[in-house]
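Look for chain A in each of the two complexes below; its partner is chain B in the first and chain C in the second.
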Partner chain A sequence: MRALLLTIAVVSAGIAAPAIAADQADTIIRGQYQSVLGDCSGCHTRPGGKPLAGGLPLQTPFGVLIPPNITPDAETGVGKWNATDFHNMMKTGIGHDGVRLYPAMPYPAYTKMNDQDISDLWAYLTTVEPVSNKVEANQLPFPLNIRLAMSGWNLLNFDATPFEQDSSKSTEWNRGAYIVQGAGHCGTCHTPKSFLGADKNSAFLKGASLQGWFAPDITGSMTSGIGRWTEDELIAYLKTGVNKHSIASGPMAEAIENSTSQMTDPDLKAVAVYLKSFASDTAAVQSVKPDEKRMAAGEAVYRDNCSACHGGSGGGAGPLFPALAGNSLVAQDSVETLVRLVLEGSQAVHTKGAPTTPAMPSLAWRLNDEQIADVLTYVRSAWGNNAAAVSSGDVTSVRGNLAQ
Partner chain B sequence: MTNILPRKDVVIVGLGWSGAILANELTDQGLDVLAIERGPWRDTATDFNIGYAQDELRYGIRRDLFLQPTVETFTIRNSPSETALPLRDFGSFLPGNGVGGAGVHWNGHTWRFWDSDLNIRTHLTERYGAAKIADLEVADWGITGAELEPYYDRFEYLAGISGKAGNIKGELQDGGNPFEDARSRDYPLPPMQMTYAPTLFAEAGRSLGFHPFPTPSANLSQNYVNPLGIAMGQCTYCGFCERFGCANYSKASAQTTVLPVLMKKANFEVRTDSEVLHVNLDASGKSARGVTYIDTSGQEFFQPADLVILCAYGLHNVRLMMLSGIGKIYDPVSGEGVVGRNYCYQTNSGAQVFFDDKNFNPFIAAGALGQTIDDFNGDAFDHGGLDFVGGAGINCIPTNGRPIATRPTLPGTPKWGSAWKKATVESYKSTLAFSSQGSSYASRNNYLDLDPTYKDRFGRPLMRMTFDFPDNDIRMSNYVCDRMEEIAKTLGGKQHVISRRKKGWDSVPYQSTHNTGGAIMGTNPAKSAVNRYLQSWDVPNVFVIGASAFPQNAGKNPTGTVGALAFLAADAIRDQYLRNPGAPLVSA
Partner chain C sequence: MSYRSSVRLNRRHFLSSVAIFLAAGTSASFARSISGSLPWQALASDPPIQVVPGGWYFFTPQEAATVEAIVDRIIPADELSIGGKEAGCAVYIDRQLTGPFGSSSRLYTKGPFLPGLPTQGYQGEANPAQRYRAGLAAMDAFLKQRDGKSFVELQPAEQDAFLTEMEAGKIALPNGIKSAGFFGLVLQNTMEGFFADPIYGGNKDMVSWRMIGFPGARYDYRDHVTKHNEPYPQSPVSISGRPEWLGKGI
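Up next, the complex of A and B:
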């Protein structure tokens, strides 16, 4: 992100030159903000690499895709594209020369973006430093590697309806909806997918598994969603990576660093207003209480390994260690993220508002699968938490996946 | 062959408390800053991992986080007439190593020195006459308590110190230290929850007319976010502070208060596992060109820089000055020379009270959790009829109940075997210990210089330490021990033991890592190595930060003052030095 800002600074410095008029500079700066909303660098920039010159491989259920170089380099980037090519790609998933993109590129969300925002974004992309870096994006196995297959996928799954304002809702709500459904493409991670990899729109934002993480439910559910978060707490989370309920980890930490922490305060407010407008399920879900022996075993593991930071009663410690009591991440149906955090540890993201980057150490060397299952069973059931028990097989499977 | 690197605005030697504070302040000013650190990178989750941070054998006994003598040691002797021999294992003091330095494994006692500690020569001469200190080399710091106050305040708020003010803007505060100088505001956090032993100690002290108060602690009583936005956690009272890194972000250190912000700055860089061999001077010897360092592969590098700031442990600062030719080395015979003079230490003693009917649960503890009585510290009491100057804080700070090292036994108990085991079981929970931490005043024959015989792994001479407790300090310590005995008697118990300090400093048993002086600050360039801004008199683009600048040591832990001096030097560099780089801030 710093590199992006530097690029802008260079462009801004060039405003005095006759080549770039002031209104063009405005367009480019607006476009740069669109790239923040869309988190382009999250996929298209390698950690430590040149901005937008191609990213790390994405592991999809269908195989590996590598986010391509989208700098204006003529041979290896998008230097030969024009504004119309780009507009069509964002709207339909069909790029320059009719090449069909795979929906790992979230064009099913970007299609909701309006023409002005797409055109600003293109204006910005033409100004970033061209980098020669050839990326073979398509690493999928046959027959999925035949891009033409995507025409059939689009026919079945792709809805090109533009974003529609809901006139019964506030301007703020509509702005939030536009960001969440469009550029922000929240559903790309948080909405469950069909067997064809398309969003299950009936389960919008109810949580999904991808790349070895479970992107949690961010609907209004009181147990697994963000029903207990206030608007301000949600804003704080998106802006800093930390609030009293949670500390971001995994891909969300990256999204916060590259995207949401850079959003304007009014946009964050709009996103929060929209996400908080989802209905809350106030009735607590009844899950079967785990047997007492497992709870006792889990509590013992908890006291020895977790309580120093997370507190004897799961209360956490301010912005440093998240509370586990009432923590929605703890209560997800899938324990994939939870097990992963215990096995691998995690470090909070560095943002201006929350610079500390506290870390949870890996406990993989210290706890076996059964102990981890016990302690997570305890955590998911103690202090008012009410989520299903964890089996040691669940832990074994995550441990196995991480080892690969 | 030496590799020549691109120049930097500032090179900082050592990334502990001082180095981190200076680097953060000067990068805020826009300078391009490089820190070169001899030891490894260290961070909380990896190196002070909650899963093994409390391994007493690894950290407490084998001293995993400390400087090893194969890397650097010192030769030692008690007097100039003896031949010094190298310390082959550290004992009496334990210098740190790696990022965070000794600030990683300190206990966290965070004191302010008083104006009468800083202005000491003037103060004692006015109160008692010059003859009273004729045998001592005590010197004024060149800075007053009021001038240092804002810098103490900044350090305490950076570190989240937990305590109770005794004097806010001249108004005495109930429950605080009535002897402290006025402070501008209270500590950022309230005192820690008191455990049983210090509570009894305070009651006994109060009944004798003394003024106990909670020891100011860098173990945090509550969650805290410091002025840099960095969050720290409430201490869990686990009792693994000294010799250990804190796994809970609860003990102030460079790691928990500065580095999360500093490390993200584009104009800051640290090179770890790289040892600075010397500061390079130009042909005139009046200006530093940069530093030469060596990495673990044995490659030598010359790092040019406009400004060099020595922020290593005090003893290492002094040795680097000697090896670089910055300032003349002190000679006790002629009394001339500035580098190496006024080496001081700490004059400590201990007390134990054994009970039958009390359970102190000593494992519920923290490094700075306790009570202090300052009635006999510094010049808080009248020395008119006494044969010494100086004093000691009397501290009941049960820092730990660790299973290997904390084994109090009654006098006469065998040192091993079943009788010893039985005795340790009986005394473990029911023994109350307290101690005095006494001032250490400079005398002519306590000093540092280069050893004529012994060299380090790079062929550089080791530094030689010549030290014994001055008679003045022994008399002081005995007087304070008498007061401790009064407290011990008041506490009751079946038996008490007072361990008095004796002449003949012994380098083996652990005493204190409060080695001070050697590159002292002052007003006279013939008797001090650095001016009141910690700037070298002889090479003005070198600053030397740390307890090396203390002209003598007070009866208090030095870290608070080291932190304050770091902020003082940073302000002086930013507000004065950078306007006219390379010029002295005080004319000689």
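Up next, the complex of A and C:
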């Protein structure tokens, strides 16, 4: 950032063509904002590493992929790419020299971005400090490691339709839809995948499992979605990582830190308007009440381990400890995230708006799988919550994955 | 004259130690600045390890029998609770004596060893493990000589009488061991075993907590602070849980 400002300062100070220089600066700054919307650094920057010089391995259902170095280094980065290469890659998933990308790179979403935004982003990427860091992105097993296979995948799954404005909706709604479906690539985590790893667009943003977390339903559902969140609460969550319903954890905490907390207020408002426009279903599925013995055990575990922060009746405490009554994360079909939070603990993300970072301690040492299953069964059924019981096998499998 | 010079020496000594301490303090740089999030790690925990009864780690069988007999006189089984032995007080003391408490590893243990005031507690050189070993041997040596019996062979009433005299400092134990001091140590550790969390080996089934109505390892009573003159409804909970977590009531 400092280098960028310095460049701008130097360029602006030039006498020859100040007008063009100023345009470049604007382009680069706009491009940097596109990188915020697209959360490039979320994948392409290793924690504590040089910006965009390659990220941590992604565990996909098909194998491991390592987000490559996208700094302008000629040998190990994208220094040999030009604007057209970049544009094609964002639109089609086919990179420099015809190399086919795997859709862990969310080009199925980025294809919705308009040409202007993509070329701004490219202008910004060319100003990033070049870093020499060789990344072998493709760690997939045979035959998935054959990139040409992706031509078939694209034929089956890839829809290159550009973003279409809906003229019946407001400008704000359209801006929100453009961010959510395009650069923001929310569906990459929150939309369930087919067995080929493609978004099931019929279940857009209905929640999906990835990397040992369950990215929750963010549609208008009153039970599992964000139907009970107001627009302002949704904006607060995206801006600060916390609102009265929830505190971000896991990959969403990272997305908030690197991306949404840095979005402009009008863009956050647009995203909220769009997401809140999904139909809210109120027809909650009546799940079978768990047996009383498990509920009693779960209540005892809850009382002794959880209630001090989350409240005797699941009411939570303001922005520090989320309420569990009526909490949509509690009501997801998958309990992967819930189990993980109890086992590992969690810390709120640090943002300018919410710098306190309250944390939940790990309970893996204190509670066995049966007790965690019982307490989550209780939490999912108490105080008006109405989600299915949790089996100790669910807990065992998450514990096993964490131990690896 | 010599008094003065010794004071001066002591003061110089003191000041130079302070200087060394400060130098060590600044160069070792334990302090660090933290910005952004507070340090936090997933799965972080440092729980105490559950003491499992069975076998003695510090005591010889003879010592263990003596300690079990003592704790059963200090806390006899009665209508209020089980006795100190059944509650695990001797197991608690045994495990403590093998750990940092027994070896005084967290205390300053160098001289000078001067007699302190009564309020200052034990000021001698021996650590608790050494005090138990010497104290129990001295007790039995004393009783063998006086009564021809060891402590465990005495009748309960005789044991009580002997312990009462120990507490009053009326027993002249061999090897210069202060009977009141040693009794005080055993009394202190017996109470700790009886009232500490069961995870440390005593307080079996939270017996003392149930007896006195202590709610255990809890830390939030907001739902109850306004309910005056009503008993707290929850049964006590240990660090390792309570039977209700397994779906069992007591």
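Simple rule for what comes next: the second predicted complex is superposed on the first by the 384 of 404 C-alpha atoms of A that agree within 3 Å, B and C clash if a C-alpha of one lies under 4 Å from a C-alpha of the other, contacts with A are read in each partner's own complex, and residues count from 1 in each chain.
In this section, a contact is a pair of C-beta atoms (placed from the backbone, for glycine too) under 8 Å apart; a residue touches a chain by one contact, two chains touch by 3 or more.
Small disclaimer: the values here were computed from a predicted structure and weren't measured.
After alignment on the shared chain A, the placement of chain B and chain C results in a clash. When both complexes are overlaid on chain A, the residue A:230 reaches neither chain B nor chain C. By the touch criterion defined above, A:321 lies against chain B but remains apart from chain C after alignment on the C-alpha atoms of chain A. In the overlay built on the shared chain, the residue A:308 is in contact with chain B and with chain C. Once the two complexes are overlaid on the shared chain, A:366 sits against chain B and chain C alike. Of the two partner chains, chain C is the only one that A:402 touches; chain B does not reach it. Look at A:350: by the touch rule set out above, it reaches both chain B and chain C. Here chain B and chain C are compared by how many residues of chain A each touches, and C touches more.
When both complexes are aligned on chain A by C-alpha atoms, chain A residues 308-309, 345, 347, 350, 357, 359, 361, 365-366 touch chain B in the first and chain C in the second. Note for the complex: chain A touches chain C at residues 293-294, 296-297, 300-301, 303-304, 307-309, 311-312, 343-347, 349-350, 357, 359, 361-362, 364-367, 370-371, 374, 402.
Touching chain A in their complex are the following residues of chain B: 43-46, 49-51, 223, 225, 228-234, 236, 238, 247-249, 260-261, 264, 266.
Those residues of chain C that touch chain A in the complex are listed here as 36-38, 40, 42-45, 47, 217-220, 222-223, 234, 237, 239-242, 244-247. Listing the residues of chain A that touch chain B in their complex gives 2, 305, 308-309, 317-321, 345, 347, 350, 352-361, 363, 365-366.
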